[in-house]
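Each of the two complexes below includes chain A, the first together with chain B, the second together with chain C.
Moving on to the complex of A and B:
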C-alpha cells in the first residue's frame, strides 16, 4: 500500500525534518527553497533542528530523513522516527543509497582495504559502515539527489497536502537528457557518463554543462539499471574494471546487482 | 563532617540552528566549571580514507560532499590542491569565475547564518519563519541575499550545493554575458539590503563575560585585496608562514569526546619559546587582520562600530560577517560587471596529465575560516594521501573555552538554573557559526 497523509486534507500536516550522518545539504535545500515562507504557512514544522529551536520529539504526519545510518545513535533515532511518523520519506543520496561515505562499501573487503589503506592499523573502521535507511526500516517514499532538486521537494510536499502521493521517477537520466537536446557525451566524446543507469529528475543538469553524470541520484529503482551494458561500453572505450567500479560506487555501492554485472562485463579479469 | 562534592551537568542535547548535530556538556562542581565538552554526534564519514586509491577527478567530485553550507569552498580548495599537485595553471578568467563563485558561497552562507540562525536568538524567536511577521523586511532581505548567493553559484557552478561544473583546469561550460549581466543588476539592487544585517546587530552589545584576548589566524591578502586567497597565513601574534606549509604549523590531535579533531597553532621558528596554542579563525579573524583591505562601504560601516568588532570577543564574529556581507556584495558586483563585458564563453579547460603526479597543499578562507587541503597524487592519477583540516576543527578548542567562560560567569552571578544557562551557551556556540559536518569528515578511533 502506498502511504499518503490522510489527515493532510483536513488540517495542517505536522512535518519533521531529521538528519542522520550527512552533509546536511538536504535540510539546507528544504530550508532554502524559494517558497519556504509559503511552505511554513502550509505545514507545521514539529522538528527541524537546523531551522528552529522549537524542535521536539513526537508524532508527525510526514518525516523527511536525510543521512545514512553510520552510528548506533543514528539507528536508535531512525527507529524512533519510523515509530513516530505516518509517512516516512527518505531524502537524498545518503539516506537512499548510503551516500558517498559508502564509496568503498562492497568494492573491497574490509581486511583488504584496512591493510591497503591504513597498514599501521591506526584507524579502527569496522562497525561504522554507512547503510541506507531502508536497510533498517520501511521507507514509504524516496526523494533522491545529492542534493535533491528544489522543484521535487515542493512537488513532494504538494502531493501530500492534497492527500495523494509523489510518483517515483523510474526512467534514467538519458531520457531527460535526450529531451533536453544535449549531445550524448558518452557516445560522441567517450566520457564516463552514468546517465543511462541513474535515476532521472534533474533534467540532465550536469550533462547540460558538458559534465558527465556521476550518478548522484542513484541507480534507477526496481533493479532496472543496465550496469552490464554500460560497463561493456566503458570496456570498449578502454576503461579499466577498477575505474568503472570506482565511478559506479560513488553513489551506487549498495546496489546488490552493480558489482556482479560489472564483473560479468569484464569477464572476471582483474 | 565529610565534604560532599556536588557535580551538576548543564546539558544541551542538540544545539538548534547550527549546521550539523552537536551537543554541549558543561560540568559544574562546587560552583566551578570543571569541564566543557562540545559533543559531536554525527557519524564519521572518512573522506580522507575513502578517496585514497581513487582517481583524482572522482575524488574532487566527492570532497565537496563533506559539507553543504560550504560545498563551493571544499570544491575550489580541493580542485586547486589537485592543480598544485599536477602543475596545472588555470586561466585568469577561470580564477575570476572561481573567485565570484566562492563569493557566492560567502554571501549565501553569511546571510543564512545571520538572518536564519543567529538573529532569532537576538530578537527572541524560535526561528526566522516566525520572525517574518514582525520583521518582514529583515527576513525578506535575508532571503534575497541568500538567493543571490545561491544564484551566483548556480550560474557558475551548475547548482548551489555540490557544484559539478567546476573541474580541474577550468569549467565544463562557461556562463554567458547575459547571465553575468543579470547577476550584476541583481547585485546592484542588493547593496542597501546588505547593510541590514549590521543595522540589526548594532542594537546588541557583546557580552562582556566573554572578553578575553585570543590568537587569530587568517590568510594575508597578496595584492591588497580582501578575498579568500593568498600565499601566506598570518597570525595576530605577528607571525606568518607560507600556506603550503600548513601541516607544519596547524597541528591536529584527537580528543575523546567527539568525532572531530582539535587543532593548535605552532608558529615554529626560534627554539621552544612559542608553545603550540589554541587559536580562532573566521570572519572576525579576517576582519581583525585584514580590515585595511575592505571596500569603502564596508570599511565605513566597521569604523563606526568598533565596539561590535572587538577581536577579544567571539560574539563580534556576527558583526564581522555582517561587514563581510557588505564587502562581498561590492566585490561580487565589481566582478560580475567586469565579466559581463569580457567573458569568453568558448574558453576550454586547461589540458593536464593526471599521471604526472605530485603533492599539492592549498589553504583558502572558507566562510567559517581557514580550510586546508593536501593531495598527494601518484603516477596513475590516483590519490595516494589526502589531508583536510576544516575551520570548525581549528576553532573548536577556543569555542569550548568561551562556553566555559560564559557558564562560569553565570554561575558566579548566582544563576544555577540550567534552563537559563543553556540557551546562553547555545548563543555563544552559534556566534562561531560552527559546521559540524565539516568537522567530522575524518576520525581516528582507537
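Moving on to the complex of A and C:
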C-alpha cells in the first residue's frame, strides 16, 4: 500500500530497520528517540521488528542496517536488503566497523575458535568471522555510534525527508571535546583517550563525565587517524604495546592501518 | 586617560557592582590544572592567578556553535535566529586576549563585516587585568604584552590594590556609578606599578624581533622540521580551537522532520582537519597532514595589517594544549635559526 503524507500529499518514504549480528541496541535507540511518533507519521516502516510485528522484507527507499556479518544467514539477508533498498545506511559500530565481536580480527584461527565454542553441536547456519557490512555490499551512508546518538538519528531521517542527504562526520572527538569546553584528560591526567582518532558526533560524551574515549564511534574515516603519533604519546606515558593495541582494537580492529601504525610507534619494543 | 586606584579590600564590592551590568564571565578553575571563562555567580570563585583559559574569550562573540538562521522551504522564508545575549561583562582578560579580540575584529568587523559577531561584540564589556608570563608566553615578541586599547577598564595589580586605566565611555560610566570604591593615585602607587612592569618584562624568555619570521617560514618550506614535527601531530585541532585569533568555521544545514523547516548552524573548524581544505569535486588544498600542519604556522604568522602585528599574539595555548607536546614557539625559533 502506498501511503501519502497528510500535509504535503507526497508519497511517504518506505523505511526498513534491520539487524544482523548485534545487540539490537541501535534499533532500540531508534525506537526510543523522543520524536518516534512524529517519525512514524512521516515514514512508512516496512520492517522494524522492535516496533511492529508486521515486518517483512521487500522494496524500501531507505534501509538502516545494524550488526556485523557473522553468519552465512546474515550475509544472505544483507544481500537481499541491498537489492531491495534504494539507499542503504550502515548504523552502529558493528555494522560500520565490525563491532566488539571482531576485536581479535585476524589474530586467531577462525575455524579453530569456532570448533572450540560450538564443538560438534548442530547449529542452523554457518558462522563467519565478523565483518563490517561494507566488506560485502555498497553502503551509501554511515551513522556511527555504540549506540548512535539520538540527535544524529533524527538528523539522518530529517535530511532524507527534506530531500537531501546527511553529511558524514569525519572530524575527531577532540573537536567536539574542545567545543564542549572540557579540559583535555590526555594532557592533564595522562588518560589513554582515543578521542583524536575517533569519529565525532557524540559531543565527547565520555570525556564530559571525565572518562576517556574508548573509540566507540570508530576510527575517523579517509585514513586520517594518526594511530602512530597517538601510540607514541601513549608509549611516552608508559603504556605498553599490548595495552594500546587492546584499547584500539575494541572498535578499531578493522582499520587496516591501525596495527601497523602502532607497531611502527613501538618499533619492536613492548 | 583616567586613572584610579581600587584598594584590595574593595575588590569584592567592585565585582558585585559589575554583576549589575549583565551576566559576569570570568576565569575560574575547571579541573586540577585548567581554567576557563565561565558564568560567575559567586565572585569569590574568580581566579585572579590563572595562567590561561582553555578556550579563548572569542567564544562569547563567535560561539563554538550557533544557529545563524532558520528556514522554511514551504513559504521560502528565512527567519533570523539571533538570540540577543544582553549586555555582559568579561572580567579578567589578559593583554594578549584583548589584542587577540582586536585581531578578530579586523577580520569580522573591518574586513568582511559579520553581523553575528558584531552584534555580540557591541554587548560585551571588557575588564582586563595584567599578568605575569609563564614558560609558554611570548606575547612580548608579538607586541601583545600591553593593551593600550580594546578594553573598558584595565587593572594593574599594586601591593595593596589595583591601578585602573579607564579605556572607554562605558568604563567611565562604570567607575562613576561606584566612585566611592576608588581612591586617587599617589606617587608611590606609580612607582610600585613601574617596578612591577620592569619585573614582568624581565620574566620573558626571549626579546628578539621576529618580523622576518613570515618570510623565513616561506623560505624554509623544505626544512626538516616540518616532517619531524608533523609526524608527532595527532590532528586533534586543539592548537587552533584554543587560539584566540582563529576564525575558521564550517556551516551545516540541519533540517527538521517535517521535511520543510530547518536551521543553518555554524561551528568552529580547524585547518588541522582534512575537511577544511576540501572543495567541490573532491579536490583538497591540503591533502596531507604535513600540508595542514604547515598551514597553521603560516596563517598565524601572517601580517594583520589593521593591527600591524602578526595573527599570533603569543598566548601559548597551542603549546600548552597540544596533547603530544609539540612546541610551537621552539619550532618557530628553529625556523628562524635561533635554536
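The working rule: the second predicted complex is superposed on the first by the 237 of 270 C-alpha atoms of A that agree within 3 Å, B and C clash if a C-alpha of one lies under 4 Å from a C-alpha of the other, contacts with A are read in each partner's own complex, and residues count from 1 in each chain.
Simple rule for what comes next: contacts are C-beta pairs under 8 Å (C-beta built on N, C-alpha and C of every residue); 3 or more make two chains touch, one makes a residue touch a chain.
Fair warning: this is a prediction, and the values are worked out from it, not measured in the lab.
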Combined model on chain A: chain C and chain B, fit or clash: fit
First, second, both or neither for A:136, with chain B first and chain C second: neither
First, second, both or neither for A:159, with chain B first and chain C second: second
First, second, both or neither for A:28, with chain B first and chain C second: first
Partner chain(s) touched by A:214 [first = chain B, second = chain C, both, neither]: first
In the superposition, chain B vs chain C on chain A residues touched: B
Distance in angstrom between the closest Cα atoms of chain C and chain B, superposition on A: 12
Set of chain A residues, in rising order, touched by both chain B and chain C: none
Residues on chain C engaged by chain A in the complex (per definition of touch): 30-34, 36, 54-55, 64-65, 73, 231-238, 241-242, 252-260, 262, 267-268, 270, 273-275, 289, 321-325
Footprint of chain C on chain A - complex, ascending: 5, 7-8, 35, 38-39, 42, 154-155, 157-159, 161-164, 167, 170-172, 174-175, 178-179, 181, 183-184, 186-188, 195-197, 222, 224, 226, 228-230, 232-233
Complex contact set, residues of chain B against chain A: 14, 16-21, 41-47, 49-55, 58, 61-62, 65-69, 71, 112, 116, 120, 126-130, 132, 139, 143, 146-147, 150, 158-159, 161-162, 164-165, 167, 171-173, 426, 437, 443-446
Complex interface listing, chain A residues touching chain B: 19-25, 28-29, 31-32, 34, 36-37, 40, 45, 48-55, 68, 70-71, 73-74, 99-101, 103-104, 116-118, 122-125, 128, 130, 146-147, 205-206, 208-211, 214, 216, 243, 246-247, 250
